[in-house]
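In order of appearance the chains are A, B, C, D and E, and numbering begins at 1 in each one.
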Amino acid sequence: MYLRQFAVGALENSNIDNIMFQLAIYILLAPLVAFTINIFWGKRYLPRGGDWISITAIWSGCAFALYMFFTKVLGNYDPNYFQSWQFDWIRWGDYQLRIGIALDNVSLIMLVVVTLVSSLIHLYSTAYMKGDPKYHRFFAFLSFFSFSMIGLVLADNLLIIFCFWELVGLSSYFLIGFWHEKDSAANAAKKAFVANRIGDVGMLIGILLVFTAMGTLNVTEVIAGVAAGKMGGMALTIAGLCLFCGAIGKSAQFPLHVWLPDAMEGPTPVSALIHAATMVAAGVYLVVRIFAILTPEASLVIAYIGGFTALFAATIAVAQYDIKRVLAYSTLSQLGYMVMALGVGSYTAGFFHLVTHAMFKACLFLGSGSVIHAMHGALHHIHSHDDAQDMRFMGGLKKYMPVTFITFLIATVSLSGVPLTSGFMSKDAILGGSLAYFMMHPQHWLLPVFGFGAAILTAFYMFRLVYMTFFGEFKSGPEAATALHESPRAMTIPLIVLGALSIFVFYSFNPFNPASGWFSTLNPQPDRAYEQLQAVAAHDTHAEAKSHDSHSKHEAVEKAEHNDSHGTVVESHGEEHGEEVHATDAGGHGGGHDVHHTAHLIAMVISIILATLGILIATMGYYWHKIDPNVWKKRLGPVYLGMYHKWWWDEIYEYTFIGGTKLTANILAWFDGAVIDGLVNFVATIGRFVSVVHGWFDLYVVDGLVNLTAWIVGIFGRFTRLFQGGQIQRYVLYTIALVAVFIILKVL
Amino acid sequence: MNQSPINIDLSPMIPELTLVGGLLLLLIVDLLAKRNKGIIAAVGGSILLFVLMIITISAEERVGSYLFGTVIQDGITVFFRLLFCLAGIISLGLMSYRFKDEGEPHLLILSCILGMFLLAGANDIIMLFVAIEMVSIPAYVLAGYGRKDMKSAEASLKYVLYGAVSSGMMLYGFSLLYGISGATNLPEMAAKLGTVSGTSLPHVMGLVLVFAGIGYKIAMVPFHFWCPDVYEGSPTAVTAFFSVAPKAAGFAALLRLMPVYVTLEPTYGVTAVGMITIGSAMTMTLGNLGAIWQDSVKRLLAYSSIAHAGYLLMGFAVLAAYPEGEIHDLATAAVMFYLVVYVFMNLGAFLIVDLVERNFGGEHIKWFRGFGKSSPIPALALAVFLFSLIGLPPLAGFIGKFYLFSALVKGKLFALAIIAIANTVVSLFYYVRLIRDMFLYEAEGNIADQVAAGAKLKTLGGILAIVTLIPTLVLGIFWGQLANWIQLKVW
Amino acid sequence: MNILGEIVFWVFVLLTIGSSMVVVFHSRIIYSAFALLFTFFGIAGLYVFLAADFLAASQVLIYVGGILTLIIFGVFMTTKITTLSIPQLTHHRYIALIPIGLVFYALVHMIFKTSWPVNVLDVGPTTQMLGQLLLTKYLVPFELASVLLLAALVGAMRLARMFREAD
Amino acid sequence: MHCLDSYLFVSAAMFVLGLLAVVTRKNAVSILMGIELMLNAGALNFVAFSRFSTANLDGHVAALFILIIAAAEAAVALAIFLNLYRLKATSEVDKANLLRG
Amino acid sequence: MSPLTLITFLPVVGAAIILALPRHNHKLIQWTALFTALVVLIITASLYPQFDMQKVGINQEATFQFTEKHSWIPAFNINYHVGVDGLSFPMILLTALLSFLCIPASFGIKKGVQGYFALFLLLETGMMGTFIALDFFLFYVFWEIMLLPMYFLIGIWGGPRRIYAAIKFFLYTLIGSVMMLVVMLMLYFNTIDPVTGGHTFNMLHMMDQANQTGIILLHSTRIIMFFGLYIGFAIKIPAFPFHTWLPDAHVEAPTAISVILAGVLLKMGTYGIIRILYPILPETTVSFGWFIALIGMINIIYGAFCAMAQTDLKKLVAYSSISHMGYVMLGMSAFTAAGLQGAVFQMFNHGTITAMLFLLVGVIYDRAHHRQINGFGGLANVMPRYMGITLLAFFAGMGLPGLSGFISEAMVFIGAFQVWKVHTIIAIFGIIITAGYLLWTLQRVFFGETNPKYLDIKDINGRELFTLIPLGIIVIFLGIWPHPVLDLMNSSLSHLANMMSSVTPL
């Protein structure tokens, strides 16, 4: 009764009637229900461990998501679509913290991506996890993850984003540590959670900064608040970077990247779902959400972190032998791309890459899962304890697993950025964006270098992987080969679907111009709130600086010239108004659109060349065997070692942060026991020393009065007793002496 | 010389006269009785004290000073007389366990009480001196009552020597005061000394030396040395009596002497407040420190009683600081309230210690280990008394301390309050140690069987335990009545 | 006062102090006890000089006749009597001198630094006045003293009986 | 001319000597003698003040009571000494040190 | 008679009944105790619908609820004055709940059953009384009443070093309460009852500056009083550096007593600060807000680090309590509605969460007879239900969203950050360390190969589940829908926040 009172009080202002929200809530809660049922009753009472409940929940959710997507996104084609539903969650004083669901194009697209990939992986898992003793629990956790991820996507409020953010971390923890009997899995789970927490601390601080300045956490209101000038300058930069810290953790950007490769200890479907397609993209999604409030300085930092991660992770991927690790580093690298894209202001490109990457990377992981599944069977057949994930034991698998091979190849091509794939379009957009940024700000030449460097390495290591796995001879012996087989249909269907979705046609009918596709149309670059504010301030003097003509098309050369002149204008102006330089510098949003087109073309050419080059080198090394990788290993020397050992970051962290923390803990615990507790033990130590001689200390003090006070008091107590020696005449003497002293001192 | 007819009103002396008469009667009965002399004397003495209480209450309204100002009767007198009777009755009960066949100890206690009665009303230094000796001399004998007990003999020796020296010093002090004031009557003396501006040397030294006598009676540092030895050596029942009644009498005397003390002006840097504050601080500190390592529970309680004297002296410090007015009355009431509470809890504690000693043959702390398990009821009672001595609510001891602290805080003697707090904490060590030994430890070694047999409070013991326990518990919660009554006495 | 009186007074003073010192310092207890006799006499003499006739008489009667006898009995009963030269030991004599010396210094300082009130009593027989005081103003202490003596008697008897029973 | 000061001096000397006896003498009876000295010192003071300073006889009364009390005290003290001697076969006070601490 | 009086003294009646029961009939004693606690819980719960959430309380006598006021000791103007407001009501709910749940958790006690349950019920009286008292003297008396049963419960039924722990607990808390006593008297003598004109112990009168006179109006005195009260309460919290009694007491105490100790007794410290220190000395408190925030921050970080280094599971939980109480201090140091409400909510949540943790430690201790974290390993497969609940409790302790701890911590951070930026930022890093030690512990206890010693260890049983599941449900429910508790305190604490923000610091 009273609960209803709360419920009514909290929900009265909501417009829950809307079918969209009803569907969204269904999509959100169905997996939660599935989780609850499965975790409690799945094992004992439900057939098949209740997997069908989870699958029903997510597939129906996927269907509804697609329905919403087609009715709203494709049906209406409204770039400014926005709807939200709220209720108040926490109240203090007069303030109500309202949370709820926000639906717009971005969230709907993400919803589709998440539910689709998740649905496919649920299906895949039925085969992959078959026979596992904790089969029901796996599905329960998958459902739980789906719930958290969908919640993250739908959330309209930074605090609730943070909540689901933590919950996806939690489900990731459970799923990485799914085989917790293995120490490595348990360690990896812990590492993932703690690394995420570190990022979350930053995010929390960012949330607090935002809340303190604006009194709201609703994303829309925050953006409006920034536009209204409630927060700006340094504070906004810091807040933006703090929020981005969360993304660093979740999307495993440098320097918190170390957890993701280890997270591959989880079952492969988990790697595909969480650590490739969806959860790790949450960081990028967050940046997408807060894109409008990022200041140029913040963006720049973001761009560098992303770019560095992209290249850095790619170098490591080159030298790995574990099939999943290669993919993991590749994921890191691609996430770096996305982050860099957002950093340089290529909002659409970044988000686009998120979507395409989700598809082909999920496909790759599932494909690798299929391979591992097969290898596992084969190695088990010959009673070998070799690592089923090590590519050095594979080879020639295309013959045995044709479906896997083909889908894998499509995804690889897509990832490598070969034309006619989705990956080509999105990656090209990113590279174009970074190049454009460089062209506007030549001092940031490193960003395109990162991008293009990563591109060639990507093509190389992906084809290296394909060659080592699918081509050549099977290296575990013919006997094992007899046990190799194509995976069951439950596994191949998702592969086919995802492989298909890696083709350009689903995103844009022009394979070389993603901008003409529905995606870009629906996701135009949002106005930067910060910039708007600056623009208002600069309105009188620089009307042209805030040109928002986002669809203007000019000749490339003209654009370049225009941009140059524009740049100079800005710089000359900057001498007078320092802040506004940054305002117009911001990712080249203003005049930068023309540059984008130029850069886009240049980038396209370069990236095709680089991809070809990368593929060529891989082919030379691993297919034609024209180049001996071992020779190059020696030749590269320490560089190779660095790549192989992941540039020693794990070791560095182990000895600095982790070791430092444990050391601090031990020191403080010692401090607590030794110094604070008692201020005592110092004295007690001396006391114990004395006790060796006298023996009374242990008898009395350890007997219950271990305490400095007790000790001192005890000493005085003993002292007092000295005067009570049993000689009555001495007593009289003491008395007289004290009286005499008193009289002499005080009276005379 | 003035030969006018002398008209002496002896009516305020009715309680004392009754007591003397009863005492003589009991002496005769004692001589005639053949058996159970002690029980007869104890019962008779208790009846006598009970009658005295009735007489005292009925003579309550006769306020004023009598017999040429040597005797005063007011609420405080009445209060103390009732208190002495109460302590006397409980002590006689305790004594009758030990002295079943001897009447004299009971009679000596009664004569002690006679001295106390006079002390409570003494208003003249000669009266005071004689009354104090009247309290002391039977006490010397009582301390030596342990039959063939070396410790008891030693206790009485120490008691008599220390007591005699103290009274010698007090006497010398009185003579000095008499010399400079020319009066033996206390109010007169105070008035005389108050009119003299500044303070002369004999004034200071006289008061300091008098302090020796009073301080000895209340076991105040540095006149406390006799106390632990005498308390330990004397028979437990006697110790119980010593620890409350003569001490309370000493405080009564100090209360009477306060007007003289407050005449001290800080010419020599010595004031009554300073003297009493230092005395109080030293007393409680040394009392508590001394108690810490004691293995004899009687000795422990002796030190604890020293400490409690220190707490009580805090009230006197406030009295000295505020010679009259609201705060003065509050402090007086606080001291009196504490004394009531103290009588109950201390006698109660000794009751249980006596029980242990009678059953096991010793009061060393080892006999208390495992006592809580073998005899839960006496142990629980002792725990209550000890917690009350610590001053934990909701027990009476807390209220007593609370009252004293209120007086201190109101009188703004914060330094003393802080010392008292520190002392309360120190006192925890030994009280809690005893409680711990009773409840948390097992009996050790060869005495385990004996302890495990337990000890039971028989009829008399049970009655005495209830008589002491109920006030200790009830006064912790419903103390308003008593406080009101005491305040009425003070006004 | 005449010169003779003066001389006699100082003789008494010297007798009192000197015999006191013998009491305190002599190494034979019997000598101490007898020296105490002279002290009491000396004080009685001083009482005479102070015009306290009744007191002087009481002093001689009670102290010399009663208490001193008691003390000498005490000496004999608590020591094994072989000769008259019963040695008595002393301890911490020198350390005791310091505080006690300080007390003495303080007292002497006080005595000679203070201007005592001067209010001289007429010389005359005091016995009657004392009697009156004792029966009026000091009636209660007077009576009490008798009870006190009774109590002391009972107590002493009791202790002594214990002494006897112990045999 | 003998005056108040000389009496007071005598009394002070006796008081101090009495104290000295109490503190230094081992024999209980000697200590008792010291106590008697102290009491007499007090009495002498009373009488001297009565004569020179206060002009009343209260001092004499006090001295009288001191006499009585000294007697009572001496009686009890001696009984106690006897008791101790009986049990310990000594009258030396410092031998009685069972009770301490 | 107010129902509050009923719930306070009913346990004493129960204790008396228990003492009258035959000594060796353990079943009867246990069920009597359970029944008593159940009745208390039912009465307390039945107050919930009657509680008017709009009423303010704090310093307005008229808006306290279920009040009862009798003259107790007229001589000192002491009243039996009880009542609840939004600050104390959640606390009595918590007390009634935990007291009830702890009784089945104590059914394993075999020694001195009668004494145990009697003391336990006496303890419940002390706790209830402390939370409902509106008269300072009454508060103090109840505060001290808690001490004795606790001493015996730890000292008699505790672990091997129980005596040491009991005495340490006793000494520390008594030192604190004596400090409180002096300040209480200072306040008493300088507060005028507006009606009678005499001195008063009424807290609500003390809160009105118009009633204060004399030296307590001096800044220096107020600072002294602040620290007197602060130390009195800080020892109970326990705030750094007075915290060292806690790990010892917890390690030695029997499970149920640890639960009560951590679940209710620690709250008394912060409750006392908010109930007494804040309204009575507002401007002094505001001036020392930085200090409270600093101590809160140190508690969070320091407690977490110390927890990380522990090898004893119970000690780890004990230190985690220290860390979590730091959030309460941090929250209340900001004097904002969010911070205060977060702090009180955190008190409630910590009560439930830490109760679960201690109960869980008790469960494993009953089976393995040790608590060494490294001595387990791989329990996940043999005790899956146990692990599930442990995970819930651990993650709640970590402040994971969806569980109650998150909301209170978030509110604390939001509230505190507005005022104490640096303190809060440093404190936020505590959540990393918290996650670190809790996950590390999970790993060492549950993951890896199953320790062969414990292959046939029994999973959690029905009685244990009975104590844990209600707490688990509360933790989850309040994590999703915090209003039932948050709304209780909203008006009271908003009022307090307004009070605190309207004063001018020294």
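Simple rule for what comes next: contacts are C-beta pairs under 8 Å (C-beta built on N, C-alpha and C of every residue); 3 or more make two chains touch, one makes a residue touch a chain.
Owing to the predicted nature of the structure, the values given are computational and were not obtained by experimental measurement.
Minimum number of contact steps separating subunit B from subunit C: 1. Between the contact lists of subunit D and subunit E, the overlap consists of A, B.
Comparing chain pairs A-D and B-E, the larger number of C-beta contacts belongs to B-E.
Comparing mean CA positions across the assembly, the chain most remote from subunit A is C.
Central chain assignment: E. Criterion: smallest distance from chain C-alpha mean to the mean of all protein C-alpha atoms. Chain centres here are Cα means. That of subunit C falls 71 Å from that of subunit E. With centres set at the average Cα position, the gap from subunit C to subunit D is 6 Å. One simple way to say how far apart two chains are is to compare their mean CA positions; for subunit A and subunit C this gives 103 Å. Centre-to-centre separation of subunit B and subunit D, using mean CA positions: 26 Å.
Counting partner chains per residue, subunit E has residues 163, 167, 171 touching two or more of them. Residue positions of subunit A with contacts to 2 or more other chains are 704-705, 709, 721, 724, 726, 728-729, 732-733, 736, 739, 743, 747. Of all residues in subunit D, those touching 2 or more other chains are 15, 18-19, 22-24, 28, 31-32, 43, 48-49, 53-56, 58, 61, 65, 69, 72-73, 76, 79-81, 83, 87, 93-94, 96-101, listed in ascending order. Inter-chain contacts, as defined above, occur between A-B, A-C, A-D, A-E, B-C, B-D, B-E, C-D. On the subunit E side of its complex with subunit B, the touching residues are 72-76, 78, 140-141, 144-145, 147-148, 151-152, 155-156, 162-163, 166-167, 170-171, 174-175, 178-179, 181-182, 185-186, 188-189, 215. Residue ranges on subunit A touching subunit C, taken from their complex, read 729-730, 733, 736-737, 739-741, 743-744, 747-748. Those residues of subunit E lying in contact with subunit A across their complex are 48-49, 163-164, 167-168, 171, 240-241, 243-244, 302, 305-310, 336-338, 341-342, 378, 380-381, 388, 395, 400-402, 406-407, 410-411, 413-415, 417-418, 424-425, 428-429, 431-433, 435-437, 439-440, 442-443, 446-450, 481-484, 486-487, 490, 493-494, 497. Residue ranges of subunit B in contact with subunit D, taken from their complex: 125-126, 129-130, 133, 137, 140-141, 144, 148, 150-151, 153-158, 160-161, 164-165, 167-169, 171-172, 174-176, 178-184, 228-230, 232-233, 293-294, 299.
Taken together, the subunit C residues at the contact with subunit B in this complex read 106-107, 109-110, 113-114, 116-117, 119, 128-129, 132, 135-141, 143-145, 147-148, 151-152, 154-156, 158-159, 162, 166.
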